[in-house]
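A single structure is presented below for examination.
Should a chain be cited, it is by its letter among A, B, C and D, assigned in written order, with residues numbered from 1 in that chain.
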Amino acid sequence: MPTDSPSATPHPIISVERFNYAYGDHQVLFDVDLPIRSEDVTAFIGPSGCGKSTLLRSINRINDLVDSARVVSGTIKVDGVDLYSPEVDPIALRRQIGMVFQKYNPFPRSIFENAVYGLRVAGITDKAELMDAAERSLKAAALWEEVKDRLQELATGLSGGQQQRLCIARAIALQPRILLMDEPCAALDPIATAKIEELILSLRGSYTFVIVTHNMEQAKRIADRTTFFYKGKVIETGDTLDLFTKPGNKLTEDYVTGRLV
Amino acid sequence: MSPVSQQPASRPLGPLLLRKKGFSLFGITRASLVRRFFSAMASVAIIVLVLIMVFLLRDGAGFLSTYRASLDVYRKSGMELCDLLEQPVREMQDKSTSLLRRALAHELATLTGEAKQRRDAVVVLIGKVQAMSAPERAALEVVLTASAPPETLADPRDQLRQATSRAAMSIPIPSVLSSREVEQFRRELATLTPENTELLPMLTALEAEFARQDTAARAQFAPLSAAVAACEQAPAALYETLVPLHKHARNTKELAQKRLSSRDQPEVHFPDQLKPILDARETLLTRLDDYGSRLKQAQAALPAETRSEEAAELLAQVRELLPEQAVQTAGIREKVLEWDGMHTVSMFHAALGFCFGPHWITNSPWQDFYGVVPLLTGSVLISVIALLIATPLSIAAAVYTSQFASDREKEYIKPVIEFIQAIPSIVLGFIGIALLGDLIKSVSHWPLLAWLPGFPIEERLNMFNAGCLLALMAVPTMFSLAEDALNSVPQSYAAASEALGATKLQTVFRVIVPAALSGILAGILLGLGRVIGETMVVLLVAGNRIAIPDFGDGLGVVFQPAHTLTGIIAQELGEVSRGSGHWQALFMVGILLFIISLVVNWCARAFARRLETPKS
Amino acid sequence: MSASNPFSGDNDSARRRETAMRWLLRLGSYFVVFVTVAIFAHISHKGLPALLKPEFPYIDTSFLTELPGTLHVIEDKQGRVTQTSPQEAETIKKQLGNELRSEKTISYAGGGILGPIVGTALLVLVSVTVALFLGVCCAIYLSEYAKKGKFIEMVRLAILNLAGVPSVVFGLFGLGAFVLTAPVLTDLPADRAVFVIPLGFTNLSFQGWDTCVLSGGFTLAFVILPVIITASEQCLQAVPQGFRETSMALGATRWQTIWRSVLPFATPGILTSTILGIARAAGETAPIMFTAALAFKDKLPWQKDLPPLPADAGMFAHWEQSVQRCLGVFTESVQALPYHIYTLAAKIPQNEYSEQAQYGSVFVFLILVASLAATSIWLRIHLRKKYKW
Amino acid sequence: MDFCYGSKAALQGIHLDVEYHRVTALIGPSGCGKSTLLRCINRMNDRVAGARVSKGEILVKGKNIHDADVDLTQLRKQVGMVFQKSNPFPKTIYENVAYGLRVHGVKDKTAIDEAVERSLTQAALWDELKDRLHAHALGLSGGQQQRLCIARAIATMPDVLLMDEPCSALDPIATLKIEELITQLARDYTVVIVTHNMQQAVRVSDFTAFLHLGKLVEFAPTEELFTNPREKLTDSYLRGTFS
């Protein structure tokens, strides 16, 4: 069922335009231009420190938490709305654009409370509704079968992979349109990684995924489109297959063949 | 198919992102309201600091003008003139006569020494024997006071007699008594009973012998005795002239005070009041000159030869002192002549009087002085003592725990030292009164330690005692900062040093400690801050004598009692009336303390900042 | 190459010096430990008897449940010495008649220390409530809201300096600010009021709260405020940044984030350090000397003489009076343990009769404060083990 | 000089002879025990709790360094060491170099001055620094700091100089300078160097030992080992087939 051809939804849901971003005086993103298509899985790859995480974190404005971070120039538009314009409510924005972090970090509370956290802060108190949402999102995150009998247990008692899937469940409980994932498998073992990848593939089409990864194999396995970053600039972006097999840029080629670290 | 297919139909996303109209008050949103609340809470720290300054200043600010007015009256009433003459003369007088008296005593002792020794030995022995037979004596006394029939008395009486004679036989008798005398004395001792209230014949005899010798000796040292008397009498005439002036000046002051307290009283016309005193100035000066010449006479009368060396030494001192004092009298004369009773006391003078005044005298019937120097010296000396004790201890402990101790040792050393912080200062003060004071005093009486300056000490409560306890209070602060600083020295330094063949100790003292120095210094300064601001320990233990310690003792000065800045506030504030000069003076002391603490804190911060951004 | 040892140690004296130095350092550390333990042992040894009695069940709680009073020491002609309270002294004297040899009275040294304990508890209650509220709010600002800048620099500087201000200066501040100036609502402003704001139905008069629990508690609150702020900020900082990010990424507002996913995880730590603050507040003497403490008081704070209610007083009147009684507790001056010890140590002679009261109070006080501090240290270690994220 | 070494966990049954006045490189994948081996030679591992030699011995100048009569400070004076990360003390340049002499009790000012000049010259730092010997050592560049550490190590005239990846924290130019320096130093000292950079081993060393999982796989003159490895493991490592 999921949309097979990306070209079926031609308009980009996120478009980054001449985006410059800095921490204090240290600029980390230079003139980034990047359309991200709706309902695709887009992977950001590149050596560490290349700015891919920063771009991801500026899409839901979570970087606002960092004191010195600031937009130098340029815009990020989601569905035509400039995210950094004063009319945008960052809280509402984050409800629509979910995020999963590199280090799985469930709150030291029950599994249920973790799953419905987003709903609770959105002001939903109806018990049945919360229960429904928890079941739905845990099922979506393929965790329901494993935890349905111990929803009241402490989330920190789960295994690493389960904790990360719980974090994904927590993010999709709010039914966001876009899910940002910052190296979601970096802290996991291969089996847990495989499960998460499977999960992403199963959810593909329902959400727009943007995934930062340092693992090129992973990008090949799950992404429709891949963007290569180097030193704060977008070097190349394209269909994953194309980018890995016939890179259009020397740097990209060096990187995907492992010569550039 | 995945269960997420109930994804809402693709509505346009854009509008969902926009800000909705929500709660707001005068354009302030809920979020910024919360934020403002917390920033207001944060500013409490600043506000409190400012309020402390405000309230200290409010009550302390009036001090200078009050003190100025008080000093003004002091001057215009002529009291200052009296003090100008009397105080230095009294000091000189005390110094020279005490030297002369000591010299005379030494001289007399050369002749009467043996007789005195014999007498004293007998008195001591009697006391000892009585102490040894105390239980029997008490038993007998019980029977006696019970007015029991005489026949029941015999038994306890007998027991007492036996006990006494036992004691008399067993007690060692010093060699100053001849063997015949010992025999006699033992016999007499055995008769010591409660009914026998007369002195032992032996003691009476010895007393008589001593008195005879003493009279003879005094005759022999007549010149010296005469010199002592002359010196004692030297300022008598001066004092005599001063007495009525004193009275008059005080009268003037009281009139002025009455006028101050109520407008109904007549205004005091100071020049008129001062006139008799100014008129007497000439007489006073002649009397002063007279005193000078008497001193010279006394000096001339000093005997050239002495029997004892000590006396010779003391007389030599007197010979040096007397000409000096003659010069001093000239100085006094000058000052008295220069003194201008109508010159108004300035604010600056009052401020100087507070900062550098050597006297803190309150509730005096004569004149109150609020000079902070005695308190400051007390505070500083005690802090120095505390730091000198605490610094080596806490640095040793920090170096040991961070560099040498095994994990198990660390496990109990660190909590114990941290625990000291929790001991309330009042408890330490109590320990100083109940335990440490006596401990130090008894240790100081060990003959082995007599060579130490100031030993043996008489005052149980003194600066050293307070310093020891404050040192203990400063240890945890200094220890934890020093230990942190030492632990934060990179491991690579130690590795490099050891690879060069340095021993562990060399590594520690040549590389690690210097690298942690700024942190250690910050710790010492914070310790100083704690010590100088501590109240209860010094209030209880420092001895509370308001005087500048006598540095003539050298290092022994630390065993003198003193008062402190903190102690004086705690002690006196409860007993003064609100708004009086004394009350204001105490708040001024508070301001001084506050400034000191800010300065110490600032220095500590400066050092700590060097710690935060070290290297290069 | 010589077959002998090329690495032989050549310097015995250097090694001896090394060992000596090491022992010196060890001695220094152990000396401090020894002194601490010795003080504790001495106080326990001398103070414990105040809580014990010779016969079963060996524990005498009267020292903890009686108010302080004057100690009467009566000696009869047989040399027997009785220590007793004023009332019993009368009866004993009557019994003895002629047999009475001497009677000594020692103020403050009789009875127990219930009054001081209650007073200290009240002071601590007020001070910790105030300091905790202000301190935690301030810490939340510093840790969650503040951005680098002049204001935060000033706040931090103020906190540091506040921590260094001598406690007796806090006492002066409390006297000036709370005892003599703080605002009260009253119909009849006192003459000494700094100024009065008429509110219509009543007046807001800046005439101070007088020496009372409230004044002392507020003064103590500012003494421990820096401790609470610093500790709370550390606890807030220890909560992983990830929790905040996640919570924000799930669409929580800043305040929701703090309330739901920062404060709950920092609370155990904050409470732990608050215990240390309690120990500190309970131990301070100088700030309460002029603001709250009395040397002697023969009533507990709630045993106040209120006008007797008429016999037909309704429920409401009773209720009103008990509320008045409860609130009145905070506007009374009280005895406090540290000040009581000061009185015992400084104002009465040291002799065998006063010793028990002195050491007894010091012992109880030290045990109270020390157990608080020990609990705090113990909790800190265990919480650190338990809350790892 | 030769040493044999055998311990249980980190290193097993190693037998290795290091020749006088030659540069010996230890190479191998990370975790293979090359640093551990190096740190055993001057017993720096004594600092690590629980580290011990369970079997075998290390002989330096014919003496087993774990003998009871070996004085640790003397051993370390004669077996100098340079660490991976440059770690000058927070003191002046002069004091850094003089440190080793001072802790060994040299007090004579002129002797120290001479030693400082000699070792700074040998470390090719003298010309750059002679005018600011009393400047703070932490103000130097990374490469200079590392050379200063080398100067500090050779100030006590050790017989053996151990270097634990001395260039890993440096940029290429500084690395080049250090390598030049090592080649020069080999004239006066016996150098043992741990490196993860094979090119470096080729450039500076006379002998190379290849370690893998705590075992000595191959030990041969450098040229021979790199051009004609005897073991299959060495060959595959050199060609980068495993890492």
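Criterion: a contact is a pair of C-beta atoms (placed from the backbone, for glycine too) under 8 Å apart; a residue touches a chain by one contact, two chains touch by 3 or more.
These numbers were taken from a predicted model, which means no experiment stands behind them.
Listed by label, which chains are in contact with chain C and with chain D?
The shared contacts of chain C and chain D, listed by label, come to B.
Per the contact rule at the top, check every chain pair and give me the one with the most C-beta pairs in contact.
Result of the pairwise contact count: B-C comes out on top.
Centre of all protein Cα atoms: which chain's centre is nearest to it?
So the chain sitting closest to the middle is C.
What is the distance in Å between the mean C-alpha positions of chain A and chain D?
That pair's centroid distance is 47 Å.
Chain B to chain D: how many Å between their CA centres?
Their C-alpha centroids are separated by 62 Å.
Can you check how far apart chain A and chain C are, centre to centre, with Cα atoms defining each centre and the answer in Å?
52
In angstrom, rounded to a whole number, how far apart do the mean CA points of chain A and chain B lie?
It comes to 72 Å between the two C-alpha centres.
Can you list every residue of chain B that touches 2 or more other chains, as numbers and ranges?
Within chain B, residues 503 contact more than one other chain.
Going by the touch rule set out above, which residues of chain A reach two or more other chains?
Counting only residues that touch two or more other chains, chain A contributes 92.
Can you pull out the residues of chain D that are in contact with at least two other chains?
73-75, 78
Where on chain A is chain C touching in the complex?
Within the complex, chain A contacts chain C at residues 60, 62, 65, 67-68, 91-92, 94-95, 98-99, 101, 103, 105, 107-108, 117-118, 120-122, 156, 167, 170-171, 174.
Please output the residues of chain C touching chain B within their complex, sorted ascending.
14, 18, 21-22, 24-33, 35-37, 39, 42-43, 77-79, 134, 137-138, 140-142, 144-146, 151-152, 154-155, 158-173, 175-177, 180-181, 222, 225-226, 229, 253-255, 276, 279-280, 282-286, 289-290, 338, 341-342, 345-346, 350, 358-359, 362, 365-366, 369-370, 372-374, 377
Mind pulling up the chain D residues that touch chain B in the complex?
Per the touch definition, chain D meets chain B at residues 42, 44, 47, 72-78, 80-81, 83, 85, 87-91, 99-100, 102-104, 136, 138-139, 149, 152-153, 156.
Per the contact definition, I'd like the list of chain A residues that touch chain B in the complex.
1, 13, 78-81, 83, 86-89, 92-93, 96, 136, 139-140, 172, 175, 177, 202-203, 206-207
Which chain B residues qualify as touching chain D in the complex?
490, 492-503, 506, 510-511, 514-515, 614-616
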